[in-house]
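What follows is a group of structures, each given as structure tokens.
Look at the two complexes coming up: chain A is in both, with chain B in one and chain C in the other.
Presenting the complex of A and B:
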């Protein structure tokens, strides 16, 4: 009798543990991120409008379209490639919630690999969500993983063979969106996602793509613009302008390696008429040697262990007591995108894109990112969308 | 590729269900409290996988 009651107690405790864990996993998986789009948004399409390859999957994301109706260039801004780099998501969102295009067209994707945002990196104790304070309240987003959720794409191959180059990559990179360009219509989830994105680029005649990222300070490709060779002039001039006039920490410019396949800065340019760029900014939370991995570190970008590594010249970006705060990282990405498009306008007048409403670098630093986010609860319902 | 992955996934869940059943059987049969606690803990990840929560 005593054993029977002990087993019942064990079952109850086990069920409670499973219920709590299951609720936490499920909450992150189904949370819907509200977007209060700019009143000047023209249309919201789905990525599957360009290819049925991802119809019905979690990665059939929203594509926010700003069409001025005036002939000019077309840009595609891509956020959410790596869901553990949240500044990429929010930088794209700042455009969607504030943008007015007066010439040309701008397409924005916030969560190009939505699946990756529905789980966290195994063994890293990442927070499930992150929050930004705005004048009207708090906005909340999922903090995800680098690669797609195994619940959506599994099993991985023993070795991931990139299509079409045949380059061998690590097994989990089959779920890493930025190793899967230009994609494959009958491949696994991330291959199909990039294939659909390539179809968007080809069908809409996109002239330039910008893929937002963040990187650990231990990583050599840091605070930089990685450019396809057709974009070297634009990237170099953008880098020089921002470094000389705006940024305290310089932004570099790097050539996209021709032999490194699967990345957007290489494959988008090789497989379409678009010129592809990838932006990196420093995020101490991604460093291996960081301390406690919580939302405070994510938002402040301050970590004494990373600072110590900097004192020993082990990093590729400077860091001091002020860290790399969220607003600074957002300001760099948003300003770099604006500047790059302006430079592209100068060098390629036939691809001119004129934009209004986007906050400046100093505006974001002074007022914070939250000042440029709209309240979904107060916005007209027809302007509210969910990612 | 997709068909193979789907087949492997179905097999994976069948294996999960088999092991969950085996652990549950041992949980019922054991006469030791300590072992029942062990089997109880072991069942949690299998349940979460079968429910596609993790």
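Presenting the complex of A and C:
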């Protein structure tokens, strides 16, 4: 009799745990992220406007369009490739909420792999959400995983064979958006997403793409611009200018490997006329040797275990007591994107894009990212969108 | 009036002495046109090329240059940038041993053609992290007539000590963007 009641008690406890977990997962999956777009936004399209391959899926994301109406170049800024790298999302958002384009066009995507933002990494205890304080209140976003949610893309193959190269990759990389370029119209979710993004790039005649990322300090490709070979000179000059004049920690440059397939910096350049770039910035929370994995670490970028690794020369980026705070990481990405576009204007005047309204590196450091986010509750309803 | 003239004379004297003191020694004077390559497929050679272009110096970079394809033409100086990139070597389908062999061949051919050899390290501590970087630096600097580095690359004094030990002239510039000023 006692055993029976013990079993019932265990079942009830398990059911309660499942109910709480289910509620938390559901809350993360359905949370809508508000965007109070710049008044100079000209149009919001859906990714499926460029290919039906993605229509009706969670990855049919918003595409924010800034068209000056003046002939010039076209840039595409991509955030959200890896949802556990939140600076990529917010850097893109800083453009959408502040940008005015006076020549050429700029397209912005915040959540190119929305599905990845609706789950979390198993066993890593990531926070489900992260927050930024603004003068008007607090803005909140989902903190997701590197790969798409298995609820949206399942099952994974035994071995993921990249299309069209035929290169073998790890099975879970079929859900890693930055292993699936240039995509496949009848493939799995992330393949279809990149296929639709490639259609956007081809149909809109995009001249350059920038894919925002963050990386652990243990990773050798760190604080850098990875460039397709057609962008080597623009990336080199951008790196030299920022290192010389703006950044305390230098930003480097890397050539995109020709034999490593599926990455945006390789495939976008190979399969379209656009020149593809990928930016990396240091994010201690992604390091394997980090301590407590909470929102405090995500935002401050301070971790004594990562610092200890640095003292033993085990890292590819410097770190000290000041860490790698969120605002610094945002400032680097936003400034690198602006500078790269300016350098591209100099070297390719026919692709000129002139932008206004974007905060400077020092503005973001001095005032914080929140100072450049608009209040969705106070913005005119026609300027508010949801990712 | 005499006092003013004397002060002016002294000021001019001081200025001219400063100018003499700051003039680069003959051994560190670099002469173009420049041929640039990389030992380790890092973007260093591209950066030298871009910095030279901005400064109005004539520089040509070729990361696939070999002793066989080397043409001295009008080049006066060969610059080889050290420090490696795994992505870059992957992109070029090569490795550090092949890179060192290629660059030593180019250096030999350039020296025979009368070019001055500059060993450069211009991408900072980010290109001094592993054994490939060390091998690239060791191979290039051993053959250099002049060493050219940015401040960050020498932040631990490695190149200053190396140049002193091997009695090679050393040029230190603030960063890669400033390279053009010494070309």
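What we mean here is this: the second predicted complex is superposed on the first by the 372 of 387 C-alpha atoms of A that agree within 3 Å, B and C clash if a C-alpha of one lies under 4 Å from a C-alpha of the other, contacts with A are read in each partner's own complex, and residues count from 1 in each chain.
In the analysis below, a residue touches a chain if its C-beta (ideal position, glycine included) is under 8 Å from a C-beta of that chain, and two chains touch if they have at least 3 such contacts.
Computed from a predicted structure; not experimentally measured.
Residue contacts after overlaying the shared chain place A:257 against chain C, while chain B stays out of touching range. In the superposition on chain A, contact of A:30 is made with neither chain B nor chain C.
Contacts of A:223 after superposition: chain C is touched, whereas chain B is not reached.
Counting residues of chain A touched by each partner, chain B versus chain C, the larger count belongs to C. Shared-chain residue A:17: touches chain B; no touch with chain C.
Judged by the touch definition given at the top, the superposed model places A:292 against neither chain B nor chain C. Once the two complexes are laid over each other on the shared chain, residue contacts for A:243 go to chain C alone; chain B is not touched. Those residues of chain A that touch chain B in the complex are listed here as 3, 6-7, 10-11, 13-14, 17-18, 21-22, 25-26, 29, 119, 151, 153-155, 186-188. Chain A makes touch with chain C in their complex at residues 220-224, 226, 229, 232-233, 235-237, 239-241, 243-245, 250, 252-260, 313, 316, 318.
By the touch rule above, chain C contacts chain A in their complex via residues 41, 43, 46-47, 49-51, 54, 85-88, 90-93, 123-127, 129-130, 152, 174-178.
Taken in their complex, chain B has these residues touching chain A: 1-2, 5, 8-9, 12, 27-28, 31, 33, 36-37, 40-41, 43-44, 47-48, 51-54.
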